[in-house]
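These notes are about the structure you will find just below.
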Amino acid sequence: MTAIAARLTRPGFAAGGALALLFVVSLVVGVGDVSLSRLTHDPEAWRLVFASRLPRTLAAVLAGAGLAVAGLVMQALARNRFVEPTTAGTDQSAAAGVLLMTLLWPSSSLPVKTAGAAAAALAGTSVFLAVAHRLPPNQPFLVPLFGLIYGAVLGSAAMFVAWQADLIQFFEIWTRGEFSGVLRGRYELLWLSAAMVALAWWAADRLTILSLGRDVSIGLGLDYQAMMRLGLVIVSVVSALTVVVVGMIPFVGLVAPNLVTRALGDDLRRAAPWTAFVGAALTLGCDILGRIVRYPYEIPVGTILGAVGAALFLWLLFGRRA
Amino acid sequence: MIRIENVSFARGGTEILRDVSLELPSGGVTAIVGPNGAGKSTLLSLIGRLQPLQAGRITVGGHAVDSTPGAELAKVLAILRQDNGVASRLRVRELVAFGRFPHSRGRLSNEDRAHVAASLAAFGLDAFAERFVETLSGGQRQRALIAMAFCQDTPCLLLDEPLNNLDMFHARDLMRRLRAAADERGRTVVAVLHDINHAAAYADRIVAMKDGRVVADGPPAELMTPETLERVFGHRIRVTTIDGRPVALHHL
Amino acid sequence: MIGRAPLALAALAALALLATAAFLALNLRGDIGFALELRGARLLALVCVGVSIATSTIVFQTVTGNRILTPSVMGLDALYGFVQIGLVFALGGLGFATLDPRMKFAGETALMTAMALALFLPMLRARLDMTLMLLSGVVLGVLLRSLSSLLARVIDPNDFAIASGASFASFNAVRGDLLAVASLMTIAACVVVWRARHVLDVLALGQDASTALGVDWRRTVAGLLALVAALVAVSTALVGPMVFVGLLVVALAERVVNTRRHAVLLPAAALTAIVVLVGGQATLQHGLGGASALAIVVEFAGGLLFLALLFAESRRR
């Protein structure tokens, strides 16, 4: 046990150090000078940090960690390595949900809208899982394929409604992940996704058993349906939160868990914390990248991750076979 | 120990089990045999509450399988299914350790660890313990799954075609372990077997099924007659005796 | 079955004519000559798009031996978009953007054809599992679209319209300047495909069988793929990316004529495409107000059909 602990702590320190470094870089980089030298004497710089940079950085870390763990849970539920909330209709359903809330109760508060989004995400993901479990298990690529197209169909239906209702601007905000609008007081809901990560960690053993299939789960005395629901709630709430607060961020939930489970295996108890780490670092890193590629303009993190994540996805698909 | 009363089961309009009643006392090895489609696996999965009962009643150790909480039943019976396509990236040790979940709820005690180690050793898995299950061969994976079921350490053990994918050495080894579990620790073992000779050599009792009904039931010596076997399997099978045990020459 | 085909084709042709007439004549007001000219150009574009989508989809399906694939599902239209924006990015300083649109179109098409061949020929020859091929195509499409919008933002960070505008096809803003060259390309491609219709029937039997029957599989397929790429360039350049229309149209046509023989299916699918696009546009434009919606509606229906086919296909194996 101690040998394993020793083996784990060194990369643990490395990862913690890397994330901390990204965190500091994220505080300093961007429009508006917050260089370290200025921080020593200028209170204005500190104001900028607390009002904008720190919330933005925290939002990226929370959203990244949440989405990565949601992806890990999703993969256990679907028993398929290549699914995640944006490729299973979850995010698209959440966007449709918040759209409906905006249409029907325009004056409802952000938490209420988020609840609506979560409910829609729950429904949309349940449909996906019901179909995914009926697809033949010997064709593992069928499930993500179905999920991608299912998400696209849901997304275009929602977009059609948004178009008709002249809400297309809002819809773009929900569907394109972006941290530039994050300010103090406008991201705090995202802390709930940290709670969801904790929930996944708490149920890690049972979620791992769930990934072994229905028969094994029942054989080991698990309440299969209840665990399925718990997993769905984790995935849906995280998705809804990110969609409402910062917008869709693709591929984090796919790439981070795959990178981690490749090295550590599918035991969620072991993989979940690392997945959260990698997801947070990936999201934060891409956000920083988006800030410097076309300085002083910003490129949304969703756009960056769409490219980076899709490339990594292809690598995951073919890397193993080579 | 296991009491099955008037169980019938249909799927998609096809009757799979028709009014099956059986009583299996505590301790001992029972083999369920029969041709394909006889309803053996369905019966086993109904005992293991993997499928909901449609008609009739099943109790295991006095617990009705359809109303006892799953977590409680998991301490009474362990079930190994036939089609365990575990494609998971779990290490063998992790997989086997999940057999302790009903007892530990995920927090392994030293006793749990001892069980895991014993199961790994018993099925010759020590060398693979840190390998991912998906990298194992079919037979090794089957042994890992059997080890997991053993590790659950329940009074009652249900196995659906456990010899699948196993080589001769490991098939014999498993049958001896099942025998020992019954003799030394008083376990109740129920196994669906497709080889009648494995059943005859190691089981106390053979239950033969056909078309969803129990058509013969008794100790091997009683059941292993050409007449009974023809009734079950549909063709004449010679039976001879080697070292006092009946052996069916079904391949001839 | 043979007897049914001419009848079905005739019926489809009649429907297509009806749709065309409706498109041109419904609610005609004001300066009739001018309006007809405008609508005529639009009609020509829609027909061009329909025919090229139908033809490219059939050829692609036959070549890949898969009835769920369309060039767009495999990311070809995203490739075209990427080539477009990539050329602007790479050659922007050289005044590429101000070049004659027809020249630009020709350059883009050539480059895209080359890239499509480089991407898909190895894939076809590796005989990938169908679902893996589909999945990688879809992901490739996502990658190319993301790269395009990334480049678009790097080129012009303020122009949000680039990113959002390119993600949906529109039949209202048809590119008139490209109409002539696009029509010519469509006609040329159709002639080539029509003359190859019997070869296509053979190719549908698969690589081994067609080689055994004396078809040079590699060369033929490479040529046909290049043709498909050019056709996708035509439709994407004219109206924008459409992923599922081809699938919808070909599946409908196959249902109507009940054969996979290319001599029948090619014209049937082209006619069906005209009925769906021209008829749909006429209905939506004049009947149902929301004229910009046709692309979304057709895509939605096509997406659902794709899911249904995928499900059925996976069950069959």
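By letter and in written order, the chains are A, B and C; residue numbering begins at 1 in each of them.
Note that a contact is a pair of C-beta atoms (placed from the backbone, for glycine too) under 8 Å apart; a residue touches a chain by one contact, two chains touch by 3 or more.
Bear in mind the structure is a predicted one, so any value in this text is a computation, not a measurement.
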Where chain A and chain C overlap in contact partners, by chain label: none
Chain whose average C-alpha position is farthest from chain B's own: C
Chain centre separation in whole Å, for chain C relative to chain A (CA means): 34
Averaged-CA centre spacing for the pair chain B and chain A, given as whole angstrom: 42
Interchain centroid distance [CA atoms averaged], chain B/chain C, Å: 56
Multi-partner residues of chain A (each touching 2 or more other chains): 140
In the complex with chain C, residue positions of chain A that touch it: 82, 131, 135-136, 139-142, 144-146, 148-150, 152-153, 156-157, 159-160, 163-164, 168, 172, 250, 293-294, 297-299, 303-304, 306-307, 310-311, 313-314, 317-318
In the complex, chain A residues that touch chain B: 79, 137, 140, 204-206, 208-209, 211-216, 218-224, 261-262, 265-267, 269
Complex interface listing, chain B residues touching chain A: 45, 48-50, 69-75, 78-81, 84-91, 94-95, 98-99, 101-102, 105-106, 132, 149, 152
Touching residues on chain C, where the partner in the complex is chain A: 129, 131-132, 134-136, 138-140, 142-143, 145-147, 149-150, 153-154, 157-158, 163-164, 168, 243, 290, 292-293, 296-297, 299-300, 303-304, 306-307, 310-311, 314-315, 317
